[in-house]
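What follows is a structure written as structure tokens; I'll ask about it next.
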Amino acid sequence: MWKFFHRLASPPHFYRLAATLIPWLMFPGLLLLAWGSYNGLFVAPPDYQQGDAYRIIYVHVPAAYLSMMAYMFMAIGGGIGLIWRMKLAHAVAAAAAPIGAAFTFLALATGSIWGRPMWGTWWEWGDPRLTSELILLFLYFGYMALRSSIDDIAKADKASAVLALVGVVNVVIVHYSVEWWSSLHQGQTILKKGGPAMDPEMLQPLLAMILGFTLIFGALLARRVRTEVLYRERRTRWVRKMVLAPEGGR
Amino acid sequence: MVDIGMGNYGIYVWVCFGLTLIIVVLSDWRARVRHKRVYRDIEVRIKALEERE
Amino acid sequence: MRRRLATERKVLTAKLSAKDLTLIRGERCLFQQLEFALDAGELLLLQGRNGSGKTSLLRAIAGLLSLESGEVHWNDVPVLSQRQEFHGAMVWLAHRTGLKGDLTPAENLHFEATLRPQSKTEIAAIYERLGIARLKRLPLRSLSAGQQRRVALARMLMADVPLWLMDEPFTNLDSDGRKLVIELTEEHLASGGLCVLAAHQEVDINATVKRVKL
Amino acid sequence: MGADIPAQPGILAGLVAITRRDLLLAWKRPGDVLNPLFFFAMVCTLFPLAIGPSPAELMFSGPGVLWVAALLASLLSLNSLFLSDHEDGSLDQWLTSPQPLPVLAIGKTLAHWLISGLPLVLISPLLAMTYRMPAGVILVLIFTLFLGTICLSLLGSIGAALTVGLHRGTALLSLLILPLAMPVLLLGANTVSLAAGNEAYATGIWALAAYAIAALSLAPYATAAALRISNE
């Protein structure tokens, strides 16, 4: 087991493994998305309260969930990198940030579009989830700004790892404080998300979408980590050998 | 046939799904482009070094 | 009296060594597979041009830089696993003195005294020796660069530690000052101390000198 | 006396010394203390000019305005927290001293709070009065600002440590710290608003106090780690 992890952490091994992994994540992910979208859009019955507008949750919920998950990847990757000095973990953290920011943006945009017919406004400060998500987007911006303003990669890795760990504690605090805050101001009824009462015909596509999104996230992450690894290892012998090999290494 | 318009909500729903598609495709495309660029830069540098030796 | 004996004993066992040190800063490899071993009473001279990595090596020894590979050992234990003990046994004279221009030498040194174990030597004697006794109530920024350097030297003399790290200690000093630095280093080595000194020129000193060329 | 080991300065001695040194430095350069204070007062003056002098509106927006102004003012002084110590080599000396770095970080943060946080708390009643805040609410404001500025100084020390030595430090620092500081602002300002509306506000105070304690026990470690990294 330990040996497996050790090999996984070796950059050339990971670089090759990720390349074979990407299609295996990408295509099932796309299939699940297609199935989930079809069933979510056309098969699942309309919600008795929100009508067809609720179908936005099929993209909003997975995006919101992945925005958190990407942040966890950043924080955990950074933590592992700091404690065990594992360079691959830092590469994962660096790669997760832009993907997480993209999904956070998507969650915000879909939440806001959903708000238009439901609340009659594009932005409702009273909704704690949207507000937390906005703060999360700012946290991503801060993280990426810090990373890009430090030239030395090793230093950037460590500094942004500290920031991500501090940020993860903050995300929890933001969540609860914003919830408290919106309860003060009698926040509007918020987006209904799942729960035991949900019709299986509605729930199944949602689960498929969540799983599909996760696989796509994995594929995107693997692709970006490959780039990070390649760049960080640009002076090593294995990269040199790969580049000079007749068939190349993509 | 199903109702594409979904009452009055169709436009919102379709925009959301469209946006999702755009963001996923764009993310993947950008990641590919970045990888190619990094690879090419490294290739150029290594080959230049190789020729000098 | 007993105190001094204790200090001497501590110093006698002291040993600074390193193996396989490699440091990469940005795009450049500053040194590779560097090694040295330094015993009590010995001076390690780091020589090299400007920008050859002398300061980086000193910073790495002090534990301020993380190395690509290799470890520095203090008494055969890796420095990073006993940071506090090691830092309690060293003092470093850096290019940037770490003294505040707004404060007087006395105020600066009063603060410094709380950071490290202090020797019993009278502070007045140290001021006298360094020739800064009459300056101690003036703001540091009103002193010349050489005088500020002497205040930084006072910090080293005040500390009761076996290991001195010195980065270009002769900068800004007049010939008297340079002689003084040599004398102080010789005394420190003679009492069983260790010293790592980075300089771009030759140092004429009466002690066992080991060299690292960068 | 323990004769066999050299006298090792105590842990608290380092904390006290570093705080004392920073206060002494601030004493010799009073501008560092006064600038954020003036900034705070001026931002608080801007708002009535922008939204009009109607007492009802001022009473309504007072807590939020005072809190946002306090947040921005404490942000203003953060950039210089470790900057001069980094530039003149003091950081190198602390990092190579046997004193535990988190303790030194607490000392620095304490000094920063005494220099830039506490004065804000002290002049806040004056500004609150111009916003027609009743005495009871002012008391709540003082208390929340007291706890809040502690939180902000602690959070800010992490950001200042992360950005020390970077070229675009100031703008970056705000970008890093503001999202982290949002819960503090939210808790503080809303607690005062609740008090102003004669509603139960104890939850906010407790939450702020909990935040301050958590920050006090965790932030110094993050600051220390960040300093080690930034000073490489």
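Chains here go by letter, A, B, C and D, matching the order in which they are written, and residues are numbered from 1 within each.
Everything that follows uses one rule, which is that a residue touches a chain if its C-beta (ideal position, glycine included) is under 8 Å from a C-beta of that chain, and two chains touch if they have at least 3 such contacts.
Here the structure is a predicted model, which means the values were calculated and not measured.
Central chain assignment: D. Criterion: smallest distance from chain C-alpha mean to the mean of all protein C-alpha atoms. Two chain pairs, C-D and A-D, are compared here, and C-D has more C-beta pairs in contact (counted per touch definition above). Centre to centre, using the average C-alpha position, chain C and chain D are separated by 36 Å. If you average the CA atoms of chain A and of chain D, the two centres end up 33 Å from each other. Between chain A and chain C the centroid-to-centroid distance comes to 49 Å (mean Cα coordinates, whole Å). One simple way to say how far apart two chains are is to compare their mean CA positions; for chain A and chain B this gives 15 Å. Touching of two or more other chains is recorded for residues 66 of chain C.
Of all residues in chain D, those touching 2 or more other chains are 232, listed in ascending order. Listed for chain A are residues 152, each touching two or more other chains. Chains touching one another, given as pairs, are A-B, A-C, A-D, C-D.
Residues of chain C touching chain A in their complex: 25-26, 66. Chain B contributes residues 2-3, 6-10, 12-13, 15-17, 19-20, 23-24, 26-28, 31-32, 34-35, 38-39, 42-43, 45-47, 50 to its touches with chain A in the complex. Those residues of chain D that touch chain A in the shared complex are 158, 162-163, 166-168, 172, 175-176, 178-180, 182-183, 186-187, 190, 194, 203, 207, 211, 218, 222, 225-226, 229-230, 232. Contacts from chain A toward chain C in the complex involve residues 151-152, 154. Here chain C touches chain D in the complex through residues 2-3, 6-7, 10, 59, 62-66, 84-85, 87-88, 90-92, 94-103, 107, 111-119, 160, going by the rule given at the top.
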